[in-house]
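Shared between the two complexes below is chain A, which pairs with chain B and chain C, respectively.
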Partner chain A sequence: MDFGPYLMLAMLEGAVLAAVLALMASGLSLVFGVMRVVNVAHGEFYMLGAVMAWVVTQFLAGLGGGAAVNFIAAAVLAPLIVGAIAAAADVTILKRLDYDPERVIVATIGLLYVIQQATLMGYGPDAKPVVAPFNQRLALPWFEFGEDGFQMYYPWGLSTTSYKLFVIVAAVVLLFALRLFMTRSRAGLIMRATQLDRDMATAFGIPVEKVYALVFGAGAALAALAGVLIVPIQQAHYLMGGDALLLSFIVVIIGGLGSLAGTVVAAVIIGMSDGIISVFFTPTLAKIIATLAVALVLVFRPQGLFGVKTR
Partner chain B sequence: MTETPSKTKTGLISPTRRGALKTLAAGTAAAATMPLWARYTSAQSAAPIKIGFGKHATGIGAAYGRWYERTSVAALAKINAEGGINGRPVELVTEDDGTDPRRAAEVLEKFANQSDCDVAFGTLFSHVVVGAAPRAGELKLPYFVVSEGHHVASGMLNRWTLQPGITDVKSQISAMAPFLTGTLGKKVTMIYPDYAFGYDHRDNLAPAIEAAGGEVVAKIAIPPTETSFTKYFPQIPRDTDVIYHVMIGPAVLTFVKEMGEFFGPSRPEIFGFIDSLEATDLTSPGLEFLEGTYFWEGNPRYLQADAPDYVKAYRDAVGLDENGASVSDPSDVSTSAHMFGCWETLHIIKAGMEAAGYQSTADRQKLVEAVEAMSMMEAGPAHPQGTKMFNGKTHQVFGPQYISKVEGGKLSVVKTVPYEETIYPDEVDYTSMSF
Partner chain C sequence: MTRKDLTLHLGLVALLFALHFILPAYHHGIFARVMVLAVYAIGYNIAFGYTGLLSLGHAMFFAAGMYGMGLVSYHFGVPALPAWVIGVACAAALAFVVGLLALRTQDVSFMIVTLMFAQAAYLIILYFSEVTRGDDGFVIPGALRAIGPFDLSDEGTRYIVAWILFSVALLFSLWLVRHPFGRVLVALRENEERARLLGYDTGRRKLASLVISGTISGAAGAAYAGLFGYVGGSFAGVQYSIFALLWVLLGGAGTVLGPFVGALFMFYLIDLATEVTEAYMLIAGVVLVLLTLFAPQGIVGEIRRRLWKDLP
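So, the complex of A and B:
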């Protein structure tokens, strides 16, 4: 394959990864930002989103729904279900630990295994596909200045699908909506108030525990939404949360824990570099470089690219 | 058996008080346990023979594990209905090995030391077999694998590990290569999983293709846990005539779908090992792309028009419909190309135990020697996949191979390669190794 089309394909693949990663990592970042706890079970909420998407589409297909309708239903229902599960976990587990950071890490590791093994028992060990609402192959043209001057042609293999483009657009829209929600809505204001000073917020009558449950649920719902978006491309499998969790931690650490903008920028950097390095070299090298980047960030800029230094 | 030891030469019996008391005490103790005796009076003939089955119940081999178990249960039901082994019933002791080599070795240990299994059996994935087999050798536990990897015949394992029920990758490839270069094209690009099973393909395909007058132009290794594949496809050279793929694991549907999206309407010829799509419905969304491509099959998934009665009997016993899916759930597609190996291996264990006069775990070595002495296995109810030849020296069986084409979303056999054309020179002689 020629270099130009090759690079373009790599970037398209990277952009899809970046989009999904940005959504998922912003959930992790939101939870850390407001609650100051690290949710190790985040990858499992992503997996649960994908599995729920399969369950919902399977159920509706049994009722005779079309692929598009089923998928829209899954995109609405799966994050709600997963968010409710997460909020319940917050009320029953995290609240009782007083959101103590160390104990929350251990508790969410436990949660990770509970969710993963429960999925294995209920959903089974197979990877199961969800039909994309639409999925046309789009051959992409490439330009060349040859002997005959400027010309356009369709290189072998340079293509994407309409669904992959949709994932990128959907992620951008959702992240923009999240940003508006946090900065413009009253609920966002309350979340930010809780983030800045928990005690003061309580004094002003903000039901902090309710806010925490909602934030934890919302973070999980974002991960689930990322899972729903990826499942027509990758299939739902009970172990899919592991890699996703690692990548979102990488993104959140590089971007700065708790910073939404940083998370998005880091997701684009990691996603694109993963796509490009994977295509030109090997996917293993891409993971090595990403993890190395985390180590370097932790050494030279522990607060992350966009993080604010704590006093 | 030798004669009972001769009596003492002294002849006269001179009981002492202490001796008499000892005998009395022993007698009392024995009497106290008498109710338990009944269980053992016929232990030599009636206690069930236990076959420890390492099942890929979880992990990437789960679909195989499910069907390996169904096939094994069906085979044992048949064997028990026909009188068991040496008149004794046979039972399966199933343990999940998690498709994980470390756990598989622990499972073998459990079979030998906790559940008192007579032999160990099962397990497909080559890294699991390679990881577990040394433990079988240490435990001196006959280990019958249904793995199709070349590691048995290559001499990598030990005298206690045998593969009499399924053919190995090297013979499969040498059977496929003439068809690839003769019918599909000379320039081959291979895509394979980046671990032992894939390496068997990588190392054996190029020589086989070159011997058949072709050339492998690129080898693309993909990690077994990979979930997206488009990024690998640009490595496929433009002049490729045939793509040879052997991907396995949960993501194969994605693999095929993305390959279809990559090539679009202008694809080269494609030849795959059905391993890629075992347990996967060929009418799944995204697989339309496979129409007109070719597959190796260890045993045809779809009921062929000319199938003999013993094949139909085997399929009915396992519970397969004519599409190779479960009769109770048409979406539960079988791992037809591999699971027949469980059926055949269990019949070989039966034949071996009967030939060895197997009575207890003390006869394990005799069992291995009896199986090593086997050679021809005629097609029939015990060997539904076809006539095979077992090589006792390499512990590996050779059998027929099937090449099928996807037509109308189903696989139809277009060529059958007999076992004679799949044999290669021995690489090891396990019979010269000590037990």
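So, the complex of A and C:
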């Protein structure tokens, strides 16, 4: 393959990663924005979403359902289950710590291992696949101005699948829905009010603890949804949360902690550059560059690349 | 330093020496390992327990010591003692550089920055796998693992060397926290603003604390390589940073004995768990959650709160 088509392929893979990352990181960003706590177990909710998708599709396939119906059921049920688990963890653990930032970090590290190891015991150490609802191979054309003038041809190997395109579209739609929800709905208004001033919100009769439980659940559900979307491309495995967590941290920090728009922009940058660097160099080098970059961003520009200084 | 403090800590040191002659072979081996790992935790405790710097990247200092020592003996055949010194120097240098950068941030940001630096260090070890042997790691040749006539791969020598290292680290940390410098570190932990107002250069003290902490952790890593002969990427992973946090929290952050007590308890707990299930880290997770919920002071911290008010 020539350089051009190769780059295009890398960008397509990067776009899929960016889409999933944007969903997952906006969950982390939502939790940090409203509750001011860092959820280290976020990657495990993503993993749990993928594993739940496998469980639900297996169960329904046993009943004789079709691949598409099973997948839709998984996409609805898995985030609900994971969101409920997260909300329960918020009420039983985080609330009792009074949302103290450092203690929440330690507790969610514990939660990370509990979820991960419980999955290892219940689900096993193997990676298991989920069948995509549709998966046509789409060959992509490439244009060139050569000696014979304008030319269009299909280079060998330059292709994607309809499912990958669906993931990108689905993520865009979901992120728009999330933005509308936060800016236009009453529930979004209440969340933003709690974010701005917890005490004042309490004084106005907003049930802050209930809002926190819902936000924590919703953040986990977003991660789970990202997990469901990725699982037909990349199988469900009990250790898949670690890398995902690291990437979401990177995205949320570069985008500015707590800013949804910044998170999406950063997800596109990180996803695309990770895809491109991974194709031309090695994935390890891509990760070294990304982690060092994020550490230096935090050191020299703590409000993130797109954030504004608040305090 | 009161006589009571000294008696208690020298008592533990003497007890561990006596155990050398009493313990059955299996537990003898575990104690040697725990003493080295406790030194790692003692280092972590100086940053986290006494200065209040919640780092999630101490595995990089442990690994800097380990690889500094391991690589020079593996590739250049440097004997154990000079190689150990080189390892410690590597850890100190890394702690200094990381401290200069990471200490510009605070609280949650500091935690994430140290986590990211440690992750980058881990990935760098994997990336240069031709030199470091990556995840598989390498074994230090037996001929090099000796200090003069003493063979470090011998069980008895290994225990005594681990005991010497542990005793020095324990007594040093006792001396440090009773020294005015250590008192300033505690003041930083309790209220940094006030310490600065009193005229202390808080930035330099925190840097000094992190360098001391990283150096001790690195000394443990280098000793681990020399005593057990194996150097591997898994020691640089995020799990080892979390182990240090877990041991110190369990034993009691900001207590001199805490790191050893925590490391010993956790080591035996995980040892028992591995016999039952493959998912032994479940224990670590449950302990972390329960500690934050019910006993944020840890074991020694609870003793101090209830029984012995001025335990160091």
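Heads up, the rule we're going with is that the second predicted complex is superposed on the first by the 309 of 311 C-alpha atoms of A that agree within 3 Å, B and C clash if a C-alpha of one lies under 4 Å from a C-alpha of the other, contacts with A are read in each partner's own complex, and residues count from 1 in each chain.
One rule holds in what follows: contacts are C-beta pairs under 8 Å (C-beta built on N, C-alpha and C of every residue); 3 or more make two chains touch, one makes a residue touch a chain.
Source: prediction; values computed, not measured.
Contact with chain B, but none with chain C, is seen for A:P129 once the two complexes are overlaid on the shared chain. Within the superposed three-chain model, A:G275 lies in touch with chain B and out of touch with chain C [touch as defined at top].
More residues of chain A lie in touch with C than with the remaining chain of the pair chain B and chain C. When the two complexes are overlaid on their common chain A, residue A:T284 makes contact with chain B and with chain C alike. In the superposition on chain A, contact of A:Q234 is made with chain B only, not with chain C.
Touch criterion met: A:R137 reaches chain B, while chain C stays clear of it.
With both structures placed on the common chain, the touch criterion links A:E13 to chain B but leaves chain C unconnected. Looking at the shared chain after the overlay, A:I105 reaches chain C, while chain B stays out of its contact range. Contact with chain C, but none with chain B, is seen for A:R96 once the two complexes are overlaid on the shared chain.
With both structures placed on the common chain, the touch criterion links A:L120 to chain B and to chain C. Shared contact residues of chain A with chain B and chain C: 120, 125, 284. The part of chain A that touches chain C in the complex is made up of residues 38, 93, 96-97, 101-103, 105-107, 109-118, 120-121, 125, 242, 246, 249-250, 253, 282, 284-285, 287-288, 291-292, 294-296, 298-300, 302. Listing the residues of chain C that touch chain A in their complex gives 54, 101-102, 104-105, 107-109, 111-113, 115-117, 119-120, 123-124, 126-127, 238, 242, 245, 249, 277-282, 284-293, 296. Only residues 1, 6, 9-10, 13, 17, 120, 124-127, 129, 131, 137, 139, 156-157, 159-161, 233-235, 237, 239-240, 243, 275, 278-279, 283-284 of chain A touch chain B when the two sit together in their complex.
Contact residues on chain B toward chain A in their complex (touch as defined above): 57-59, 62-63, 223, 225-228, 230-231, 233-234, 236, 238, 250-251, 253-254, 260-264, 266, 279, 284-286.
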